[in-house]
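Both of the next two complexes hold chain A, though its partner changes from chain B to chain C.
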Partner chain A sequence: MITQDIRMSPQRSLLRRWFEPKSIKQMAPATAVIVYGLLMLWAVFVLFPLYWLLITSFKLPADVNAGPVYLPWIDFTPSLHAWRELFVFDYEDTLRAYINSIIIALLATALCVTIGSMAAYALARIQYKPKFATIVLFVLCLVAMAVVVGRWGVDWRLSLAVALAVFFVLARAVGRHFKATLGNGDILFWMISQRILPPIVAVIPIYMMFQSVRLLDTHIAQILAYSVVNLPIVVWLMYDFFVTIPTDLDESAQLDGATRFATFVEIILPLAKPGLAATTLLVLILCWNEYLLSLFLSTSNAQTMPILVAAMNAGERGILWWSMAVVIIVMIIPVVLMALVLQRFISKGILLGAVKG
Partner chain B sequence: MTSGTGPTTTSQLGHVAPAGLNASVTTRARLNEWLDRQSRQIFIAPAVIMILIFSVFPTIASLVLAFSNIRLRAGSYQVQFVGLRNFRKQFFGTEQFHFLGTFTSISLLGWIVTIASAAGLIWWLYRYAKQGFAILGFIGRLITASVGFGLALLFSATLFSGNPFGTLGVTILYVLVGCTIQFLIGLGLAVLCAQPIKGRTFFRVVFFIPLMITPIGIGYSFRMLADTTKGPFSPVWQWIGLGDFGWANHAWTARLFIVIGDSWQWIPFIFVILLAALENVSRDQVEAGQVDGASGWQVFKEITWPQIAPVAATVMLIRIIEAFKLVDLPNIMTSGGPGIATESMTLHSFFAWRALNLGDSAAIAYLLLFVTVVLCVSFFNLIVLKRLRPT
Partner chain C sequence: MNVEARGIDTGHRAQRLSLRSLNKSFGVVHVVKDLSIDVAPGEFLVLLGPSGCGKTTGLRIIAGLETADSGQVVLGDNDVTNILPKYRDVAMVFQSYALYPHKTAAENIDFPLKVRGVSKQERELAVRDAAAQVHMEDLLDRYPRQLSGGQRQRVALARAIVRRPSVFLMDEPLSNLDAKLRGFMRAELKRMQHQLGVTTVYVTHDQVEAMTLAHRVAIMDRGVLQQIGPPREVYDRPANLFVAGFMGSPPMNFLRGRIEDNRFESHGVSLPVAADKGTMAKDVVMGFRAEDANIVKPGAGLFDATVYAAEPTGDVTLVTLAVGEESLSIKMPRDYDIDFDKAVAVHFPLDRGFLFDAHSGVRLAARLVSVS
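Up next is the complex of A and B:
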């Protein structure tokens, strides 16, 4: 193979020079050509759909239907036709969906990150010892309730109350005879493993629950559902950050008389800021793009952007690609901007920590 | 889980405030103190309660639905227990073609695949049993093996015998083929980007973008691109003579189409995390390897890969979990068609729900949950844990 003295020798053949790195920190010219070539190829593959979306939004219907034209000002004259259509004539539906999306994504993210980071902090700092027997008992009560409701058609509110009452009585009575406890690791695993649950499994009962309290097609239903779906991600990522912060800080704050809440808000959260920001952005993007839950939980009033875009399929004249392109662009602009911000965090390998653990 | 189970410590509140102080200050101080004492519970209770209400309870309720026949009455539901009927329908009854696929006799190739996979799985179990027998481990592997054998049999009877397969097969196909492609390309891009190149930030940002874009948008953009008369590649299609060919009209091209869209979105995820992992690999060892004259491939295999393998395994676990949930792309790009060729199980369940077959819908969702849990837990135990703790 390549040895030092060949590399030193002045009369290297052209071929050698072509395939040999100049130094250990550089690539051989041939390798460089291949590497850059492949990377550029992939960049084109990534960017071309976006480029096509962009130019389609500036095309007139005739330009789209006549066959492909590629370059603005050369192949076709860009026109604001589709944009004007959306912003001037047709803005009501889009605007409403857009505002719905913003409200739901922001509030769901806020709720999810708050609850999730509190739980993550608690799991990183406080020792919990839930009794194994109590949990088994709780699940048994729920299952018994479900069976009673399903098999004999007892009213579910009544049976839920009875089940909880039975659970509390039994937990008090029997609880102290069982010693086996679970630890924080088990709670953490339980929370994170909720992500495995396909949303379709839970969404039908969730739909029925919201229907029974008349919350279907409202913001609050979607906010709650989105935040639960993304809770595992927050707990997982934030736990990883809180564990790396030394416990001395909490302890000294508490010696100074700060409550746990004050410690959490004023000392720990500021230290976990990069992680918090990355997590928030990630959840925000996931909420913004959420489709299935919105499909179940909204019909018209609380419809979000993904549903609006998906529904544009149903036109008598086929898909109006130009207006579709405009709506999709409007929808992805905030996310792409967030992605550029999030990229800064990701390049620091922030998400890597959680994956490694 | 913890809150409300153990004996609570609220009984010592009375003697906190000395008499004579301003009432409101006392109340607030008492409230603060009470809150601080309860902070153990308060910190974790919201998350636990939310998960219990919106995740655990619906999962159990869904199980009830899966065993029931549900009829809509004015504003309410009438639930009637029907036992395993919903599941029987999927496996043996009228919905068999939809869930499992159409069966005729198994072809020779099918038998070969079946027997080979059975032999492989039995050999694997035998080796485990011989190595060191633990009852839990054996039961776990037995479940993995039987699900694996079931899937092998399913594909033998459908794919390898030339019959169309149902939504279970399609979902597994998306997971296996999609994740494999995404892993290979994602890893390849990460390795390329980890070379000493200029403009790494540019590539990283560009490659990262697709992950953020809504799947609905991706679905429509790819439909636009794949259009053989109006799309950008239509001259190419005309030239090859496929001018009126529709991607979405043939089972395999439609599936390929969806896998491409899915990969476009998810390769960035694998790429970004593997790149971060590659950047953490110690340069010294790599350079030492290079100085010793190891080829690029040897350096990768012997030095780099062992260091990034745990991360790679975890990333793939996350990816596989998400891949089982795929629904938006098939719904947008092909509406599950042609026929049922691209329908994932989530979409199948959604269609059943839309047709008001709530029992079927819940049964399919539960079958999806079962397959997901078995395959993900197997992957976790057999690959991720082994990678994290190499023995």
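Up next is the complex of A and C:
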């Protein structure tokens, strides 16, 4: 039994006027002050570096070295010196890196999103049950092969053939005895775990791989490497979008006579457009900004923009802040344009009308 | 409109569909047990049962969306048990309609023809024809989200009929519609199936839909086929307690009791029974339908009862009576009025009463008789 009077009084004291909203769809004045204050602070953090880049690109080396100056035409006289240097005198190097970046980022993204979304669709719709014991056996066979090749110098083709033969002979028996299986969740986690690994760990082996097939300093090497590195992200994100699409649609398409691939291209992919656009944008930015792999896989011909930026840091003339600013600005522009194009697709409500009555 | 005038081939493609001893388990749950049904060419068969009874799984096995653990699906002369859905020549209407949301109504209807590589002119004609069948000619440019529930339903139907399949499968197609539209679409569906003459298997948990639509009803419970027959037969001669209780709204009234000395005894109810030796001293359930019974003055009926509640529904007044611990529903005329807690008696023609074995649920040969 509640003895205390717990009815609430609607009277609005000064304190309440400040800390309580007028209606449940509004913010209280005090909350609004805090929220907008934080937002403004955040905006300064984001926008000031951009502003600094912009004015630095129009400064003469003397202005940069003279200490911080902020306002063009008041603190310093803007000049096109840095722009002229990169786009008139050094335009070949700048343009090459720019075109390299565009080719590599676009093709790597396209490859990565194509393969990744197909893999994600398969994982979202088909139940895989790989036997744990079979996987262990496969790894053991590979290890044995590596030992044999490394220790006794047996021809690798021969030992690979033997290892595979042993695997196929034993696979059935092992599979019969050990019933434990993995599922789609395990496969997904294994994929994303590849991304948890710091890339610096894998970069030397990757370098040696491309060296042995003589693909160093080529576009194809970076396109392949970037796609593989970003594949887990695409699979992981697209999987999430595909599982939200009702399987009724797949089944209906199958009954209508569509193949699995036609179902994917005609029905599922258009419905995952928002997710596809967001994923594409993310991968594009990751590829565009990729530094480590490019550093190892390219020397001059296939150098990308991030390498060019870094190079400004290590010239014999000291750090060329003004040139760096110019390169970074032109580097930002295509990504901003892509974001503007793709955000059109990142809208919700496409599935409306699919299954609701 | 005349069917032939519309250029519709009336059922010469209708095929016989046979399910032979189908079994299906999901893990430890045996959802379909030894299901065997023969569907005649052009027949409208309704699979009826509560949710989880295996009716939808049965339908999905016919469609090829699930694989049976054992048994066969035979369509016409072909064993289709192990072939892909797209080669089965069946069309399915899903409970959710499963319209492709990014395609217009016309593109939705067109899709089965498009993926089968039919020429463009033929497709246009066929889409128009199918749309006319479901009265959707004017809305072909709309997207599913711009259509009402009933219109989406029609698009789904048109998509199913556009390629003239030999079997229609329908998985609770009306359950997402409001009551009024459902009644209307039910009639439309029945008319359409009659005109096209296509073998149809229709899954529902709604016994009214089953009664109204079916040529034959197959009632399932816990994966087992309970009874199959024309709606009237299933309603008038239920094979067991489950069927009797599932068909009819309100369901059949039941009184638990025993047969002793050629009499059915229960909570002060005592009725003469014509029974052979096998049914002596047995726990039984006596059942009769709400519309077969009448409320009469105390002492003037077969047994006494008290009024628990009376609900006028418009067309009838539904009276709930208490007999011992059991409750019974009686349908009385629309203008019938009675007070709560009043003592009354129940009367019904004795040949409209059934006796079921209380343990197995099977209907007994024993009958109620008027003279002891």
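Quick note on the criterion: the second predicted complex is superposed on the first by the 270 of 357 C-alpha atoms of A that agree within 3 Å, B and C clash if a C-alpha of one lies under 4 Å from a C-alpha of the other, contacts with A are read in each partner's own complex, and residues count from 1 in each chain.
As a convention for this text, a contact is a pair of C-beta atoms (placed from the backbone, for glycine too) under 8 Å apart; a residue touches a chain by one contact, two chains touch by 3 or more.
Only a predicted model underlies this, so the values are computations on that prediction, with no experimental measurement involved.
In the overlay built on the shared chain, the residue A:G318 is in contact with neither chain B nor chain C.
After overlaying the two complexes on the shared chain, residue contacts for A:L255 are found with chain C alone; chain B is out of touch. Legend: residue contacts after superposition of the two complexes on their common chain; A:G67 is shown touching chain B, with no touch to chain C.
Of the two partner chains placed around the shared chain by superposition, neither chain B nor chain C is touched by A:G185.
Of the two partners chain B and chain C, more chain A residues are in touch with B.
Chain A uses residues 259, 349, 351-352, 355-356 to touch chain B in one structure and chain C in the other.
Of all residues in chain A, only 1-3, 24-27, 31-32, 35-36, 38-39, 42-43, 45-50, 52-53, 56, 64-65, 67-68, 70, 115-116, 118-119, 121-123, 126, 128-131, 134-135, 138, 142-143, 146-147, 149-151, 153, 168, 171, 175, 187, 190-191, 194-206, 208-209, 224-225, 227-228, 231, 235, 259-261, 264, 285, 288-289, 291-292, 295-296, 305-306, 309-310, 313, 319, 321, 324-325, 328, 331-332, 335-336, 338-340, 342-343, 346-347, 349, 351-352, 355-356 touch chain B in the complex they form. Chain C contributes residues 63-65, 84-86, 90-92, 94, 96-102, 111-112, 115-116, 143-147, 149, 152, 159, 163, 176-177 to its touches with chain A in the complex.
For chain A in complex with chain C, the residues that touch the partner chain are 246, 248-249, 251-259, 262, 266-267, 270-271, 349-357. Taken together, the chain B residues at the contact with chain A in this complex read 1-2, 4-6, 32, 35-36, 39-40, 43-44, 46-48, 50-51, 54-65, 67-68, 77-81, 188-189, 192-193, 195-197, 201, 203-218, 220-225, 229-235, 264, 268, 272-273, 276-277, 279-280, 287, 290-291, 293, 295, 310-311, 314-315, 318, 321, 324-325, 327-328, 331-332, 345-346, 349-350, 353, 358, 361-362, 365-366, 368-369, 372-373, 376.
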